[in-house]
Structures are given as structure tokens and as C-alpha cells.
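What follows is subunit A paired twice: with subunit B in the first complex and subunit C in the second.
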Partner chain A sequence: MTPRSISRCFALLAAAFACSFFTVLRAAIVLACGFAMGACSNNPHPEPLEKKSGDGTPWKVRYAALPEDPRSLDPQVSYDSVSRRVLEPLQECLLEYQPFKTDPYELTPCLLRALPERFERSGGGIGYKCELKAGILFHNDPCFPEGRGREVVAEDVLYAFQRIADPKVECPALSTLQDYVEGLAETFEAARKSDSFDYHKPISGLRVTGKYTFEIHLKAAYPQLLYWLAMHFTSPVAKEAVEFYDGKVHDGATREMFRFHPVGTGPFQIAEWKRNTRIRLKRNPDYRTTTFPLEGWNADQEALLRPLAGKALPFVDEVNMTVFRETIPIFLLFRQGYLDGMGVGKDAFSSLITPSRDLSGKYKERGVSLHRDIEPSTFFMALNMEDPVLGPNRKLRQALSCAFNAKSNLDIFFNSVPIVAEQLLPPGIAGYRKNFRNPYGYNLQKAKGLLAEAGYPNGKDAGGKVLEITLDTTGGSANERLMAEFDQQQFEQLGIKVKVVENPFARLMEKLDNGGFQIAAGSGWGADYPDPENFYFLYYSKNLPPAGKNHSRYQNPEFDKLFETMATMENGPAREGLALKMNDLLAEDVPHVLNMHRSTFSLTQPWAPRIQSNPLLEGGLKYAVVDYEMREQLRAQWNKKPAWPLAVLIAVFAFGAFLTLHARRTS
Partner chain B sequence: MKSLDQIWVQNLSLLTGYSLLAGLIFWGARSERWRSAWRRLKGDTVGLISFAVILVYLLIGTLESIAVPSASGSRSLLQQLTRSIPQETSYAAPLASTALSLSDPKPLKSRHLLGTDALGRDTFVQTLRATRSALWIGGLTSLIYIPLGVLLGMMAGYYKGWVDDLVQYVYSTVAAVPEILMLVSILMVLGKGLGSMSIALGITGWVGMARLIRGETLRQVERPYIAAAKAMGQSNWKIITRHLLPNVMHLVLIKFVLGFSGLVLAEAVLSYLGVGAPVGTASWGTMIDASRSELSREPLVWWNLTAASSALFVMVLALNLFGDSLRRAFDPKQGA
Partner chain C sequence: MFAYLLRRLFFFIPIVFGVMLLTFVLFFVVQSPDATARRVLGQKATPKSVENWLHNRGYDKPLLINHTPGKPWHDSLFIHQMGRLATFDLGTSDVSGRPLREVFAQGVLPSLLLTLPAFLLSIALGVGLALYLVFIRNAVVDLAASLFCVALMSVPVMVYVIFGQFVVAQVLNYFPAFGFELSGWSTPKFLLLPVVLMVVSGLGADVRLFRALFLEEMGQDYIRTARAKGVSTVQVLMRHVLKNGLINLITLVVASLPFLIMGSLLLENFFGIPGLGNVLFTAIQAPDFAVVQASVFLGSLLYLGGLLLTDVCYAWADPRIRLQ
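Up next, the complex of A and B:
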């Protein structure tokens, strides 16, 4: 019983009391209301958009939860995971990740006919030849003539690259891509100087060579370009859509802004968006770009996935994403069967997961399944290498690293779900060593020894003064405060003093950029793409803040040389060898105190089995399936209406009638 | 050596606070009104019991405030006294012998009267240590808002005219701004810390005091003894300090005690909102804040919330009861 229906009951009860003292007639109306209430269901979702899908089968809806409204669905801008989760089913990229292959990850063509073909350009430099699939249509949308989506052509990719270079768009990919793609930086500079962007002028690095064919010209070898082609930043955009949705008033009606109204080629398009409440996506009837893969899954999924192989996508007709700012309602609705999946948060953890990290019996009986995923991410505390105390003293950094009990941290704050990070690279990335143990992992005895060697026996310097170190963290919630106290205690085991400074998030970012910190807690990196370059560049000396992300300010010529060679190599044993060497350098220099690779537990309902678990996809909604009938059946079973409110209502009515009659008789 | 300096500064400021309080009481004890109030108070059992409870809190807060040198810089006397109680790895239930973890119920180093918190610290000790935050907030804030309120209130009541208009205008304006908003914004500017919290509470808190004193002064100014003093040619300043102040001082004392409980609550609320006590400072508000997630755990962690709210409740109750007793003692006609 939801709180809403309970309050409804009370309201009706109150009304019943008021009425029954007066006339029997009014009470009868109340009773009728009560019956009507009994017929209501506790389903919080609106009616599906349609009853039947195109082929006559029941309309299949998938229900998901969002933690907040997406900020921007502009493919060249959207970068946060919530926005990307909504954008992925709407807007396709040139390439995509094979949904089943995660070790190693694999790219497959999406809008392109085949993987780009690399060639040496005659004038020096590298080029990639690409060809779009023919006949792919943009969504039907009022921005096109007669509302019919037109075909995607190579010019649309050029337009996307122009938008990347447009200073007004503020594309986050520009800072990286301009170093490699020819002409991007020049175009950006020219536009910034003249304060206007000329969309008629082409970009020299992107040559349109035919209706569907184009070439990307690079200044230097950059194999990671292919990963960028699997991100939304490079996905083709219709000029008509950007110009149409300008957020201004036309003919008395306000048009939305483009970032709230993307026009892509994806398997779904937006049918309804109630800001901060709900987004509903509807199947794109013209979707043809991809079909379900023919292979790649694990043997244990064979029975489930074989029948789907080669089938047309998507499998559901509608996706309903509801915004929940709190986590409790997600859990409650999942329990009632009104959500098809959920992430297991801290609140619900103990009632869902048993001590042996298994799903609790009650939910197993219901057919719910539990999934554990390790994200390609690493969290750590950054140590400032330019700090006069920490920077020149490698032993001190090693001592700090040895004093931090990462395992205990995960036990206390993360229900032991994530795994302890032993190295910078997370699992699944080339160069990750399974059996590698951090030489400066938790070992308090060793830490004390190292601290003495560093010149601070028992935490005191030569003059007997206690070493004091500042730890910068983000403050606010009780949990963050406890975490900061935990970190403080870990380091203070060494006998040193740790001063904790709580910063608003923006202030901490500022400190990371200008180097005004000693230890910064809560740093981390999630892979943009599954490549060691995407992690090791965090410690490349040409990547110093504010432009880059080398917040530790680590500068090591040997590391730089290895990085430069490794970055542009094709994947293979030689490259892995270099990555291992770089790992050893970092492990010995300790520019960070490693913490964890984040992992998540999630649940799916029996009617919505999980098809893919690739953490680089933002949900992979086009592969999602729903067993419509099973859901109806189980929902009805899980939401049996209690009979007592009606019984109470009838009793109240009877009592009221009795009183009224009694009063009449005695008067 | 720097740490030793800090120890001295901390202990000295504590001493200053206590001497101020003692001075106030000695100064008041000369007046016949205060003496008769004390005689009446001696017959008031509830008042005496609540006074004793307040003294116990004061003692605990003082123990936590006295800094003593230790291996790593300074620590409080209370920490030093309770150092034999070991720290566990994480939660432990009250008097349990194993850790509160279903997957790995390791035996504990010792039993804990009220269990331990997320980081394995003894809840009872943490609750005692949090008394300090409450007392410091109450004490420091009172030092700020009482002089401000009394001075402005008496000036407004005595000089009347444009002075009165100005003071009234200022406090009406301050009172018109929602208090929590004002507190949070002041704390955002000043940063976290017990000191800045006291300043913020002091800036918003003097209004009530000024109002009360202004009203009482207006009443007293009409009395013949003021007219007599004026006729004898005493200066305004002398009249205010010699004649008016002693006659409104009992109100200050009552308001101080009653206001103290409000300040303790405000500290808890602000810490709960995340703008209060900084990391490493035990406070009932942060304990209650942390229990938000503890209450949705399985098994339930209830002892931190219970300990913090009970300590808060008893202190506020004792302060309120004692405040009422004081009012009755000073003004027997009104009470009863």
C-alpha cells in the first residue's frame, strides 16, 4: 500500500464520518466512492502511449529510473552519465561497442558501413577512410520539410565536426581532438577571434569525398580516434534541427532549444518530456541501422540470446524513464514490480543482499536476478608532487600509501562492493595485471618504517615537531564527513597530524587546478574509452593543470617517453609491455594513494532479463527485452489490494446510520 | 613548541570564560534582589536538580576543553582519561562482544557501553565529547549577543527618540530575515567552525535580548529613583551602568539560561544541515545527521541517534527547567 492510497483512505474515512451523521443518502455516495477507490490501482505510471504496436502485438513498455533530469541532450555537449543514458537510444554514433565483448572491449560499425580504414597520406600524416551506411534516416521531425526525416549524408558528419570546433557550442572533446585532427584548432581560433563561426567553411581534417564517404586527416598517429568515433561528440547532426530548435518564438509559439530536442537516428525518439518528472521514448518506426549481434556472448547466455540473434531492433516499443531524486521510492516501486531494474544503493543493501554477497531468499523466490559489475574506473587520493613536503620525499608518499587501509574503507562505506585498487588501470583495460599487488598497499609496520626513513621517525621531524599535513576534501553530507575522518585516522596512525579542510566541490576543483593542496581526497577517473592511454595521460607531464588533468603534477621524463611511444601504438604485446613498465614507475613513485575500482550491484526483474552488461554502454536500451504477460501477472500478484479499508468504511457507514436512526427515534 | 602555545591559548580562553561567569555571579550577589532569589531557589527541588545536571554537563565539557600535551600534539583531558577504551574497525552494538557485521562478525577488543559508530569509536565517549561543542557554542554566542543586546536595548529604552527608532529599525530588519537562511549564508561566508558558528548565531540572536531589555528599561526609566538620580545631576552613562543595569540584570540571567538551550539546539540543527561543526569535532548534530543512513541499515544502528538525542534532550530540559526556576525565584509574583 503506497502512502498516497493510505492518505486517500483517511480522507474518505473523514468524509464518511462527516456525512453519516447527517443523511443516509450522503453516506451512500461515500460508499460508492469507496468502491471506486477499490477499483483504482497503485500503478504510478501513466497509460502507455499506445495499446498495440505496429505488428498487432501488445505495446511493450520498459520502465527505468533516472536520478535527475538530463542537463543537455546536444550530442556535441552532453558528457555526464545521466544525459548520455537518455541520449544513447536517441542518437547513434559512427561506431559502437560490441555489447557482449568486454575483455577486451571491441568496436563495431554503427552508422558506418565498416570500421574506418587507416592509410598513410601522401603529404605525411595519417588518414582514416569512412563510409556511412546508405538509407539511414533522421527521426521524423517538424524541422524537416513535411516532417519526414531525411537521409544521413557525409555532410552531417562534417557539420558535427564544425560544431565541435565552434566556441559557442563548448564541446568537451575539443581540447583532445584539436591536437590530432587537422584544422580543428585553427577553425576554433579563427571563430574565437571573429566571434562568429562560418559554417560554410570546411575543416581541413574532415574531407567529404562523396555522398556517403569522408576522410579524417590526422596530424599524427592516434589510434584512439576510433574510440572518439564511438562517442556522441562525433555523431552526425542535421543542420536543419540545430537551426530550427533555437529556443525562440516563431509564429507565436516558442520552439525548444536543440539541447532539449535532439534529432538523431537512434532506435527511439522522445515522445514526452515532463521536466524533472519523466521522459518517455517511443520506438522509431524507420529504424534499420543495426540488428542484434550474431555472436560474442558468454556460453551461459546462449539459451536466452540465440533466439534474438540477427533480429531487428529495438525489442520494446516505449521506454519510460521516471526521475527519482530519492533512492527509497526506487526500491519500493521495484518491489511492487513498477520498475524493471534498479541499482542496489546503501539504503536497500542489507535487505537485498545476504552476508555472503548473494541475493536474499525473498527476492530469489520472486525470480529477481543480481548482477555485479566492475566499472572501468579508478578512485584515489591525489598527492601533490609540487608540494615542498610531499613532492621531494618519495618515502613519505610511500609511507602514506602504506598507512591507508583501502579494504577497511570499502567495508565501512561501500558495503565491500567495489574492489581494492592495486594499480591505476582498472580490469578490462589492456595493460591491467591481474596478479599485481601494490608494493605500497596497506601495511602499517612498513609504513612506520618508511616514515622513519623519510626523516620523520614516529611522525616527528629532526626538531621533534609533529609533521602536519593538510587533507582537502569535499564537505557537506554526514557520509563525506565520516569518510574524511576515516582518511584522517588512517594517516594519523603514523603519529603525524592531519588537518582536514572541507571544500565546496567547485573550490576543491579550483585547488586541484592551481595546486593549492597536499592531499586531495576523492579524486578518480572513469574511462572515456577502454585504452591505457586514457588513464596514463593523467600523469603525463604535458598534461598539467589547468589545461590538463595531471592533478598530482607528476613529472617524470622516463614515464613521458614511455607514454609517448605507448599512446600511438596499436594494441598488442609490445604495447602491453610498455604499459606494465609505466605501471611499475607509478607504483614506485606513488603520486597517489589508490583506493578502489568502483563496482555496482544491480537487480533485474524476471520479465526483463539482462541482455548486455557492457559498462561502456549507457544501458544499451535497444537490446532490452520485456516479457509483457509475465509482468502483468506478477504485478497483479504482488499488489493484491487489502480488503480492510472497505470493511472499515462499511462499518463506519453502518455505525453512522445507526446513530442517525437512533437520534431520529429518540427526538 | 607551537603545539604547546596552542594548548595555552585554548586553556586560557577557557579560564577567561569561567572567570567572566564567576564575575557576573559575584557582581550580582551584592544585590538584595539576587540574594533573595537565591534563598527562594534553595527551596526549589526541581531547580536544584536541574542546576546539578547542568553542572555535570559543564564539568564534562570542561574536561573535553582542557588541552593536555600528548604524543601527537595536543589532545583533550577527556580523551586522555578515556584512552584505555580501544577503537574498533566499525559498528558494534551496545555491550556486544562481536562486531556488527553479518559477513564478518569479528570479536571486539572490548565491550562498549553504548556501542560504537561507523569508524569504531565508542559512542559513549563521543557523546560526552560532543558536550564541548554544545557548551562552546552556547558560551561563545552568549558572550557575543548578550552585551550587544543589553547595550542596544538599554540605549533605545533610555535615550528614546531617534536612538530608539534606529535600534528598532535595525532589529526589525534582522528579525525579518528568516533565521536559518541568514545563519547558513553567514556560515557560507565565514566557513565552518565553532567560532564562526557562534558569530553567526550571535548576529541573529541579539534581537530578542534587545527587545526584552528595551521594554524593561522603558518601565524602569519612569520610576522615581531614575528621576532622583537625574535631579542629582548624574551623567547618563552613570545612570545606565549604576542604576539601570543592576535592575535589568536578572532578566539577562534568565534569558541567558533559556537562550542557552536554544543555542545548543541550533548547533545540532546547523551540524545536521552540514554547515556546523567541522570534521574531527564531536557534536550531537553530526551524530544525529550520520544516523540518517544508520536507521535504514539492516541490522539497525540505533545507539548513536539515541545517545546523541538523549544527551541533547536532558541538557535542554535541564536548562529550561532551571531557567523557569530562576524566573520564579526573581519574580515570585509572576510565577507560582
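Up next, the complex of A and C:
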């Protein structure tokens, strides 16, 4: 409380008593309100965990927003974007993405000493030799003797793979990894049947060969395994931590469950987690795994990043993540300087972004920076290739694709933020062609011609009957309905009739699985890892639903052959060549109507410049920087309190007093 | 009276059972367990992971009655869940796996910190203003106040929230626009604005209602007698009208007590107060049937408890009423 606010309170009190008709009670109310208004800080964040950093500099805090509480921070379970974002600074992976290389993405060692070494196994099959860095410690935690984190060893990776196969853990990666890693599927099935998991029994696909070394044995070639090693599912886990944090009562106190108390090796560890409110992470004092890269950034970032090269990570001491369920408060707090960055959503879009898709002048003056990121994802409408109308008629599918104006769709419903998808692969994925144009992109004249060739001139068949097609969408919100109407109008420009069926999300998923649709809007895929296989598998004939995700039910032996070859090849020009051929096949066969690659706008404050923009890093908080002094100065400047509301308050109470007096006189 | 209470408590059982059955049927008619799993696990979920998710939570059992040969009829999802709830075992969240007893226990205090002060202030202000308006009834101020109350009632709560957050917190910088801290003196600064907004948004309706109640009392014979005896208007209002109007007030006040515990869905969400309203809102979005079911269970018990308490309070406030 400042001397100014104290004097303000006393002035109010004196004013209250000076008026003869004010009662003591009313004065007290005025005092309380004045006190609250004068003394309250509008800063919603608690005091930082400490005042000074280990090196004597001010304690640096990074303030971020989360849309919801993380569902689980168990590395073998966490799959939703919020949980992964929180887990990323806590739990390191065996490999990680180079922060500055996004076209193409590049893997670098994290907990491993080097990238895994591929070898041919003597009995057939492929293996990868891996070696962990020595001296990496788990976070200090009560689950370890004397609370000191122990060294990470190869047995911890084996334990992680066992947890992947444990049905009770519910690891989302199991469905893919069990097809490649030896013994994973068998272990899962055995545990499922016996309803218990034997952690003493090793998994044949993961052999510990030394204190720090292990081998992963695969049933078949699967170079994408390296990407899985850059995900948390395969992160080493301390058995002591899982056993300690069992959610049960010990010595009169309930312990957390492991999924809410991760014990990792990352640059931060959880200092406080107030459910549904905030998570505070504190720098791990023993963090030694990685340092800031020495190269890789763009020339325009040289001045900012060169001084950081080779320095110890992380650069901030604390990360404060506040849970916001609504977007308006995020915008308000960002404006006040209480958040270091924010995504630009629909609510604040027109206030922040100009029609030319630039940052509005008001925010530029404040030093705010605007960033546009393209996510490795593609959204489209799935066309059912087993449908008797669409399936055998390629020209009809091509006509539908030509009739859909993706750009208008993005302009109307997405503020032109995403980019039009010209091909299945998004930018940054090997095989993506920058100058490629979808041969069946929007062209209404061409669409009408193709429709006629398909046997439906002006949308009518030979018997003069109007072609009727069903479009399945997710329904519920007004916006979804408008989008469905837009899609309908696009196709109906051809003279055909489109019947829109609105479905709850789960019902649409069911239809996609059982093939009960003709066109399904809103289909899409976000990359689990930046590899063409992770997109083309959506059209591989052995991936038909319900087991697989080939919802279009596309079956092309030539495509399958190329996929099988491409999927098992190491990255390189030959592989890219195959990916290009596959793209051409899909472009011609049109098993989908391409829509967009998702893209986002985000803002950063002048004191928190953006260091990296790799979407696969889930935030990359270990690289984040903060200019503490600038933030303090600007916050003080942006949050001044005017005095006039106090005068209004006094006037209101004076009016109340007048009413009372009036009442007494009348009585 | 004891027999009456016991009988009322006994009636709780079929009512709560009916409410739970209705909730269960409505939830799973709208969305099957399979669909719930798909929504929770997302678009990338495989049938195997969906099956595993259902199995681990017992959702792979038949919904109401087990018709499988060789299996007992009561080996169903609903009967299992009711058996659990009968022992007040709320279970665990379907999404996060957290014990719901812990989730609800953590949410009660923030909810009460928001709703209780707002409730008490609303009653105090509502009754005070209503008495004043009755006192100056038919005057210009009374008419103006009535119009103002109608205006207050007509504005949606969302408008108050946005106004409060934008003007008071953002432009004037007097209060935090968002956030919550349960630690000593820093707590009130987060609650002041939402409490004021909650009071203001409900004030119009309260004042209008209380004014009507008090005006009705003012027309009674005993008031005329009191006035004839020379009792002043203020004394009539404070000693007679307020006291006798209390019986009607009790119905409203006591019946709304249980809802205080369940929190405010909108305000908690917009101001980031981690109360039970927030918990329920998140559960509906997730969707987390376990949380929804437990909320309905607790809500129905609280509501029934509130009604019972209203009856008891009637008897206490009005000697003419006997509970039999």
C-alpha cells in the first residue's frame, strides 16, 4: 500500500465525518471502498517465488496463459496440446527438435548422446542403438532417497516402454508403436487378459545393454521411430516416482497421483499447482542437458540470438501459467502487461489486426510484436470412395473440388489467417512443394465442365434428375451452421442439391468409421511428427477404418506401393521424389476437397521477444527470455489509477445520505 | 417434528434415485459412452484405445440392466454407479482421474467466498432499498427507482461482466480483471468486483420482489391499527412490516442457500475463480460424466436439504405453523 493511497483513504474518512448526516457506518463503507480502490493492485499474479536469482540478478518470471488445466502430466499419457505444453519444460525427451529449423524440421539429441544408430539385426529386423548422456539427474523430489534426484539410466527407458504397454496407463502411442516395436503388442494383450501388468518382465523390443545404453528392436523398418523418441511417450521415467505418487494416504497425508506430479529431468519443475487456477514452474538448479544452440537462426535474428549462443538454459527463473477459460480476460491482461504473450483469437481480432493483416498502430506503439505461424496440419472434406455415386466417378470428385472456394471460406470464417491448402502435405514436411497448385482448386467454369463430363450436365443426370449429395458436418453452434451453409452453397453452384446433415462430433466420427457418409466436412490431421508418412498414411489402403484413419477409403495399389517404399526409407531426395508422386496421385484422384493449413497469429510484449517459432516444441520455454526492468516500467505506465472514480463514490454515498435525510424529515 | 423430518429424509431416497436415473438416461441418450470416449480421446483415437478407455472406467458394461446370459442383471453401469453413490463415494473424474471428493472439496470454499458475501449483500441491500421505496411509495423517487430496477433486470449478466472487466478493471485499473488467490488479504481484491457485479445484476429483481411483499404487508389491518395508535412509519416498517414479511422472504432465501455452494457458473468462469461452478462448466465441456453425475447428486441433495430447511424455518418464524 503506497503513502498516496493511505492519504487518500484518510481524506475520504475525514470527508465522510465532516458531513453531519453521515453515520459512522456509512463512513466505514466509504472508507472500505476507498481503501479497496486505492490500495488494490490490479496485478492478478502472486508475488514471484523468490526475489533474486542465483546469480544475484532480479528473479525473472515469464507469464503465460493456458486455456484449461492439464489433464495429465504423465509423459506416457499426455497427448492433448495443453498438457504437452506444460509437460514440455518439465520432462525431456530422448531427442528434440532444433528450435530454429522448421523447413525442414530437424531432430537433435536431447537426453541421448547422439542420434540413434540404425543396425540390421542378425536374426532379421531393424534395431536402433541408443546411448543416454551420463550425469543427467531427475528433479530433486521426496520420492528419491534424501530428496535428491538420481541419475537417469537405460532402465528408466525400459520402464517407460513397459508403461506404454500397460493397459491401465492408457498410452495413446501404443496403437502405433505396437505395430513396430517387438513385444509391445504381446505384453499389452497379456496384461489385458490377466488384468495386471508384470513390470519384472522385460519387453523384447527394448534391450538394456549397459548402464546408459539400450537397443530398440523393430519388427520392420520404421525410420519414423526417431520422431517418437522426440515425444514424451518414450521419455525415461523413474519407477520410484510412479510408485511413490500413487494418490493414496501415507502417514496421514494423501500423496498426489503421478499424473499430477511428474518427476522429469527438464529445465523446470513444478513449484505450485493450484487446480483450475495456475501452475508455477521453477528453474531446475541441476539442469545440464542442453545449452542454447550455436547456429541455425535466420540472419534477422542474429543481433538478438548471437549473445545467447552456447549459454546455459533456461533464461528465466519461473514460469507462471494462468488458466483462462475465456479469451476476453487474456486480452485484458495482455493489455495491462500482465501476460507476456497471447494468441489472437476471434474476440480480439478486429482490435488487434488491421484489414491488411498487420498489427494495429496502437499496439505497434506499445512495442508489441505480431507473429504468424503455420501449423503442420491440413484440413479438408473427406469424400467417401466407397460411395456408389462419388467412388467410381473421379470427374465428379474433381468437379466438387473445383467448386469449393477455399479462400473465400478462410476470408469469411477464419479472418484469412490460415492458408489455402493446395496439397495434403503442409509446409515444412519433406515432399511439400512450395509452388504446387492444386489442379482441381477453385475454378467454377472448370467445375461445371467436369461435372458435365462426369455425366451430370448442369447438375442433372441423363434422366434429368438433379444430383443429390449429402454433406455431413459437426453441428451445434451458429458458426458451424453458417460454415455448413457456405459449403452447401459452394457445391450447389454446380446445379446439384446438397443435403446438410448436422452431427455431434462423436456421431460424425462414427460415420467416418463405418462409412455412412458421402462428404464429411471438418476432417483434418495435425502432424504428430514432421514426416510425409504421418499424412499419407491417411490414404493407405491397409489403414481402412475402424482400425485405421483412411476415412476416405481410398484404395490405390500404386499409391500403396509408393507408400510402403517411402515409409521405410530414410529422408533424402529419393524419398522426397516418392512423396511428390504420391501427391500427384492424390491430386488427380481427389479423395478429398482440400481446405486449409491452420495458421495462427500471436503477440508478444516488447520485454519478451520471441526466440523460436518451432510449433513442434510446444512453447520451447527453456529458450524464453524476459527483460524484467522494461516490464516493470511499462506495467507502471500502463496501469495508472485515475482519482475521479473516488469522487463519484463519495457523490453516490452523499446521495444516499440525502435520501435518508429526506426520509427522516418526511417521517 | 422428529417423525416429520425422518419421513422427509426417507423421501429423499426415491427422489434422488429418480434424478440420477433421469440424468443418466439423458446423458447417455444424447451421447453414448463410446461417443464420450471419442470426444475425450480426440479425433486420433483408435478403436482399441477407445475400448481400453471404456474398460478402465467400467463403461463397457450394459447401461441399465445386464441381459448377458450368465451375468447378474445388476452388473450394469447404472447400478454400479448408484451403489457407489449410495455410500457417498463420488468416484474419480473420467478425464483427469482425480478423486471427485478432492475436486469438490477444493471448489466449495472459492464458490462460497464469491456467493455468500454476494448473497448477504443482495439481501441486505434489497431489503433496505425495498423498505425505503415502500416508505416513499408513490413518490417520484419510488417511480424512478422502480424503472431503474426494471432496467437493471433487463440487462444480461454478461453485459455486467464485460462492463466490470473492461471499465473497472481495465480502464480504471482498480481491480484485477481476472484471477483468484486464496491467501489472506490478497483474496478480497479478486472477489470485490465479481461480488459487486453479482449483487448489481440481481438487485433489480430483489428490490422489486421485496417491495411487493412489503407493500402487501402495509395493506394489512394490523398496520392500520398500529398507525392509528400513532406509531411512526419508520417504526411500522422496521418492527412490523419487516418482521412479518420475513416469512415470505424465508422461502426465497433458504431455498437459494444450496445454490451458493454450487457457485456461479458464469462469474467463476470469467473471473477465473476455481469454484464448483467452474468445475461443472469444465465437466460439461470435456465431457466428464463422472463429474456431472456427482454434481447432480450433490446438487439434488442440497436442494432437498434446502427445502427441508425452509419448512423448519417456517415453523420457527411463524408459531401458527406446526410440522407434522
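The rule we apply is simple: the second predicted complex is superposed on the first by the 610 of 667 C-alpha atoms of A that agree within 3 Å, B and C clash if a C-alpha of one lies under 4 Å from a C-alpha of the other, contacts with A are read in each partner's own complex, and residues count from 1 in each chain.
By definition in this document, a contact is a pair of C-beta atoms (placed from the backbone, for glycine too) under 8 Å apart; a residue touches a chain by one contact, two chains touch by 3 or more.
If you're wondering where the values come from, they're calculated on a predicted model, not measured in any experiment.
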- Query: If subunit A is used to align the two complexes, do subunit B and subunit C fit next to each other or clash?
  - Reply: fit
- Message: Just to be sure I read the superposition right, which of the two partners does A:Q633 touch: subunit B = first, subunit C = second, or both, or neither?
- Response: neither
- Item | Per-residue touch tally on subunit A - higher for subunit B or for subunit C | C
- Query: A:T209 contacts which: subunit B (first), subunit C (second), both, neither?
  - Reply: neither
- Considering only the touch criterion stated at the top, classify A:T291 as touching first (subunit B), second (subunit C), both, or neither. neither
- Applying the touch criterion given at the start, work out whether A:S196 contacts subunit B, subunit C, both or neither, answering first, second, both or neither. neither
- Task: Based on the superposed arrangement, let me know which partner A:S477 touches: subunit B (first), subunit C (second), both, or neither?
- Result: first
- Query: Looking at the overlay, what does A:A547 touch: subunit B (first), subunit C (second), both, or neither?
  - Reply: second
- Item | Which superposed partner A:N514 touches (first subunit B, second subunit C, both, neither) | neither
- How far apart, in whole Å, are the nearest Cα atoms of subunit B and subunit C in the superposition? 5
- Item | Overlap of subunit C and subunit B interfaces on subunit A (superposed complexes) | 328
- Note on the structure: Per the touch rule above, subunit C residues touching subunit A in the complex are 30-32, 34-36, 38-39, 41-49, 52-53, 55-56, 95-99, 102-103, 106-107, 132, 135-136, 141, 162, 165-166, 169-170, 172-183, 186, 188-190, 192, 232-234, 269-272, 274, 278-279, 281-282
- Message: Could you list, by residue number, the parts of subunit A that touch subunit C in their complex?
- Response: 36-37, 40-46, 68-69, 71-72, 79-80, 167-168, 170, 172, 174-175, 192, 247, 254, 257, 259-260, 274-277, 322-326, 328-329, 332-333, 335-336, 504-507, 509-510, 513, 524, 528, 546-547, 549, 639-642, 645, 659, 662-664, 666-667
- Note: in the complex, subunit B contacts subunit A through residues 1-3, 71-73, 89-90, 101-104, 118-119, 192, 274, 278-280, 286, 289-290, 292-293, 296-299
- Note on the structure: In the complex, subunit A touches subunit B at residues 328, 346-351, 354-357, 408, 411-413, 416, 458-459, 465-466, 473, 475-479, 481-482, 484-486, 488-489, 492, 495-497, 500, 502
